[in-house]
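There are two complexes below, and they share subunit A, which is joined by subunit B in the first and by subunit C in the second.
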Partner chain A sequence: MSLHPTVITLPVAIPLLLGAVGMFLQFMQFPRRLQIQQTLVGVGVLVNLAVTVFLLVFVLNGEPVAYQMGLWTPPFGITVYLDALSAIMLVMVALLSVLIFPFALATIDSERAQLGFFPMMLFLLMGANGAFLTGDLFNLYVFYEVMLMASFVLLTVGGTPSQLNGGIRYVVLNLVGSMMLLLAAGVTYGTLGTLNMAHIAVRMNDAPYLVQAMIAGLLLIAFGAKAAVFPVFFWLPSSYHTPHPAVTALFSGVLTKVGMYSMYRVFPLFFPWLLNQWQPLLMTIAGLTMVVGVLGAFAQPTIRRLLSFHIISQIGYMVMGLAVAMTPNPYGIGFGLALAILFLVHNQIVKTALLLGGGAVELEMGTGKLNELGGLVRLKPLQATVFFIAAFSLAGFPPTSGFIGKLGLLEVTFSAGQWAIAGVSVFVSLLTTMSMIRLWQYIFWGKPHRQPLTQRRQTAPNYAWMTVAPVIALVALSLTLGLVAQPALDMVQTAANQAIDRAAYVKAVGPTLTEQDLRIAPPEWGLTAASQATELAGR
Partner chain B sequence: MIEIYLRLVDKILTPVIFLIAIFLFLRGHDMPGGGFIAGLVAASAIELTILARGAQATRDRYGPWAVPLAGAGLTIAVGAALLGMYNGGFFRSIWLEFSMAGEKLKFGTPQLFDLGVMFVVVGMAITYLLRLGEAAEAAVTEQTRLERQREDRHR
Partner chain C sequence: MTAFMLALLVGVLFACGAYLVLQRGQIKLILGLGLFTHAVNLALFGTSALTRGAPPIVPEEMGGAPQGADVLFASYADPLPQALILTAIVISFGVTAFIVALVYRRDALTGSDLAPGELATVVNTSDPFAEFTLRMKLPDAADDYDILQYELDEVYDHPEAEREVARE
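Up next, the complex of A and B:
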């Protein structure tokens, strides 16, 4: 089966086009405008899911696809690159947006809907899709900015004082991360003379260590700030609890995960050897992120504040997976990265389930304060059950996806000889379990302190199933991943193999190489992942 | 805030600035210029109107169009990029040649894209310039009120 490569731009083009039409309708005074906008967004997320699933199936059965915007020759035009790693991320984000959309539809207040909440969802989706697809460092920065702007609007739409407060912190601290990314792009262009990722990968081979270290450090800070790792996570807990719960769920599934994806994409492609050299640094960051996140969660008084600290804690595991990505181990190079991707997917599913479940509770009870809630298990047995499963999946209990993800990561870390970090991660899992039990107890156990808003106001919840069904779907997905892990493992293994196969990336994009590049990388790009690994082990 | 001289300047200059914007837009294909800068120049004409006639009058004239204009611009730009799929891929250009009065004229999807960019820039710029203008006017009105109060007290 062959495919015209331009198809891989569709995940960017579709949300952008429909979002633009939605924005065009904004402020137009005619009846049913809101319904038309909502229909547009619904169609947008569904079509996006269909296209991304198709692309994932295509890429898993074949080779990575690259497309040049406007058919310009590679190092000059903007490259779009799709492999299994980016396709998995595209599908996950598309799936989350499809599931969050009904939740938002049922719960968003009419004021926020009037202000253009729904088209902004599409713009956020477009920014994330672009960041997954791009093969150009500067373009990556641009898509990060698109995401930043869309998420700022989503954060502050409605304009309550706490939202503005959180929004300003969010934007200021995120702009610092964006500046770092821009700086990294500038340094790359100044030293290597190119911004095309495949071309950078070729030229990085022969770059002096100082240049490599500088670019790697700047990228680590930039993506770290976006993913909320240890020293640069402050923006997340100070802003995530302020907007509408649907927005928080969307952010937790998309924003930080794009930062992690960029690390998985860029480090194995540009400087895989640095992942081994800098392993102690990455391990330290991972350990501190886990510990600080989970300890912070214990001190939090509301549902969403608590869960947003857990987002940080879980990011630590993903960084741990990155740190062992290129380490030789009995399962083969890249197994660490595969498990990191699996963990990322699991986390997107479970975290969104928890935030949607917790958000539904918050909306129904009118408060997210833990000490004012309680006893909901009698009122909402179904919600209590799915929340319980999701919480234990986050903690890593079998038979959920969390168990598979954590077990695999532990195994790779042990075989890499990193006992300390493995011990820390187990300890943090224990703390996560405690924190999750505490959360569940506060919300669902004990005696009810207050009546749900719906009962007090005597209005029937018309759309109750629209807030519960997405959570049930996500929890079912998590259980499926845990029970039938082999297909998922095969999928992420393919993704990891494609992600660490620099030769395939360069060949797929095929930048017009200069004399200098050819001298640096003689035409044995035919290097397979395995031979590349032996070369790396020698370094 | 309505100044008689500025109103005169506005009357004379605004059409000229719009013409410059159109010139820059058309020039942009292979020389410095283009949709973005043309949009900014057009927005500067609107800022002049705000200074000369006040934000309220300007909002009455341009306000309702700002956001739909940006949305339409975005739609046009993406549409132009999508049209390229007919010719081999996303963002691939399509050119049409005309001859008019002995001159060869080329029109293509890059110009359409640029037009979209211009609309987005103009729409967004009007939105925030109007907001800034209103805020500044409110501040000035407040200040004048305070000054008058003080003068009254001196008398």
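Up next, the complex of A and C:
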């Protein structure tokens, strides 16, 4: 099966075109424009899902695909690169947007819809897809900004005071993070003379340690700020509880995960050896992110504040996976990264399920304060059940995807000899379980403190199925990943092998870039050629 | 020397930007972010070889053939960083405009450009007339939205839903 390489730009082109048309409809004056706009966005997310699934299937069966925009020779033009890692992320984000769309359709008020909520969803999708696909550091910055601009609008549309307060903090801290990414791109161009990621990977081999450390440090701060890791996470809990619940769910599945994806993409490609040299630093960041996130969650009085602290806590596990990504272990060199990717996917599913479930409760009860909720298990047994499964999946209980992800990460950290971080992660899992029990108990257990809005007012909308169905689908997906883990493991293993295979990346982007042998691992590991490592990883 | 001066300037701009961002009051915040973006843009500018009087055109005698960076940069200004700066300026302009709009909206809604929580800190000082003085300073727009109450028990979830329930 062959594929014209321009096809891989479709996940950027489709949301851009449909979003632009939708935005124009915004300002037209004819009847039913909002319905047309919403249909357009619905078609957009569905087509995007279809295209990305097709790309994933294609990439899993073959080689990574690279395309040069305008057919410029590699280091000069903008490279678009698709491998299994980016394809998995594309599919996940597309899937989440498809599932969040009906929720948003049912629950968004007409005021927000008229301000262009739905086209902005497509623009957010376009920015995220572009960040997954690009093979150029500056282009990555631009797509980050596209995504952030859309997210600024989604966060503040509606304009309640709390939204504006959260919005200002979010915008400012993210702008500072973006500045760091831009600075990293500038330093890279100034020192290595190139912005093409494959070319950077080639030239990084011979760069002095100071240059490597500077670029790596700036990228760590920039992507860390986007992914909300320990010292730079403050924008997340101060803004995620303010917008409409559908927006929070979309953000939790897309924004922080794009930051994590960028780390998974950039670190093994540019400086795999630094992942080992800097392992203590990464482990410290991971441990502190986990502990601070989960302890912060205990102090929170509302559903979404609590869940947004859990987003941070779970990011710690993904950083832990990155820290052991290049550690030699009995399962092969890419196994740590593979499990980190699996955990990322699991977390996207479960976190979105929890935020949609919690958001539906919040919308129907008119409040998210834990001490004013309670007793909902009798009113909404189905919601209570799926929320329960999602909560325990987040905590990492057996038949769910959380168990597979956490077990694998623990296995890798133990076999890499990292006892301290493994202990911390187990302890944090325990605290997560406690926190999840507390959350579920407050919402669904006990005596009902207040009536749902539907029973208090005749005019209140009854959302019912449109809000429950996405959560059921996500929970089913989490259970499937947990019960039939092997195909998923194979998939992420392929993704991790492709992500750490620097030689293959450079070969796909531009064979003319280098004559050098690209070391996948430092020579002292005895794995000089990429093929050997890949072979080892596949074992 | 030029490069050193540029680096110094970038550092000073970063420091001033950080200082302003950490101040109370949103106008200072916006100015600080402006300085941040200037600093980064200047740093990007410094990544090209700082040559004088050299157009970004490859000289004809070189025939467009790459002959090593040193030979090329002696008579050639790298145009790429300027393209990057242009993009970065456009983006930061958009974001800054957005922040200005946000701050304006919040000012119109709450009658203050102080960040939430700051008002409560001001009130909790030992000055017994702090709240009174503060209320005197607030513009008239604050009357229809009780900013102090809003600050002291920060509205956690949908204020509009809360208000609707209260109206019943």
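Everything that follows uses one rule, which is that the second predicted complex is superposed on the first by the 505 of 539 C-alpha atoms of A that agree within 3 Å, B and C clash if a C-alpha of one lies under 4 Å from a C-alpha of the other, contacts with A are read in each partner's own complex, and residues count from 1 in each chain.
Note that a residue touches a chain if its C-beta (ideal position, glycine included) is under 8 Å from a C-beta of that chain, and two chains touch if they have at least 3 such contacts.
What you see is a predicted model; the values in this text were computed from it and never measured.
Partners subunit B and subunit C, brought together by superposition on subunit A, fit side by side with no clash. Between subunit B and subunit C, it is C that contacts the larger number of residues in subunit A. With both structures placed on the common chain, the touch criterion links A:179 to subunit C but leaves subunit B unconnected. Touch criterion not met for A:214: it reaches neither subunit B nor subunit C. Legend: residue contacts after superposition of the two complexes on their common chain; A:69 is shown touching subunit B, with no touch to subunit C. In the superposed model, A:22 makes contact with subunit B only, not with subunit C. Look at A:189: by the touch rule set out above, it reaches subunit C but stays clear of subunit B. Taking Cα centres throughout, subunit A sits at the apex of an angle toward subunit B and subunit C that amounts to 40 degrees, reported as a multiple of 10.
Contacts of A:6 after superposition: subunit B is touched, whereas subunit C is not reached. Figure legend note: subunit B and subunit C, brought together by superposition on chain A, show a least Cα distance of 8 Å. No residue of subunit A lies in contact with both subunit B in one complex and subunit C in the other. Only residues 21, 26, 29, 33, 36-37, 40, 43-44, 46-48, 69, 80-81, 84, 87-88, 91-92, 94-95, 98-99, 102-103, 105-106, 109-110, 115-116, 145, 150, 154-162, 164-165, 168 of subunit C touch subunit A when the two sit together in their complex. Contact residues on subunit B toward subunit A in their complex (touch as defined above): 64, 67-68, 70-72, 74-75, 77-79, 81-82, 84-85, 88-93. Subunit A meets subunit C in the complex at residues 138, 142, 145, 148-149, 152, 156, 159-162, 164-165, 167-169, 171-172, 175-176, 179, 182-183, 185-187, 189-190, 193, 195, 241, 301-302, 304-305, 362, 366-369, 453, 456-457. Partner subunit B is touched in their complex by these residues of subunit A: 4-6, 9, 13, 16-17, 19-28, 67-71.
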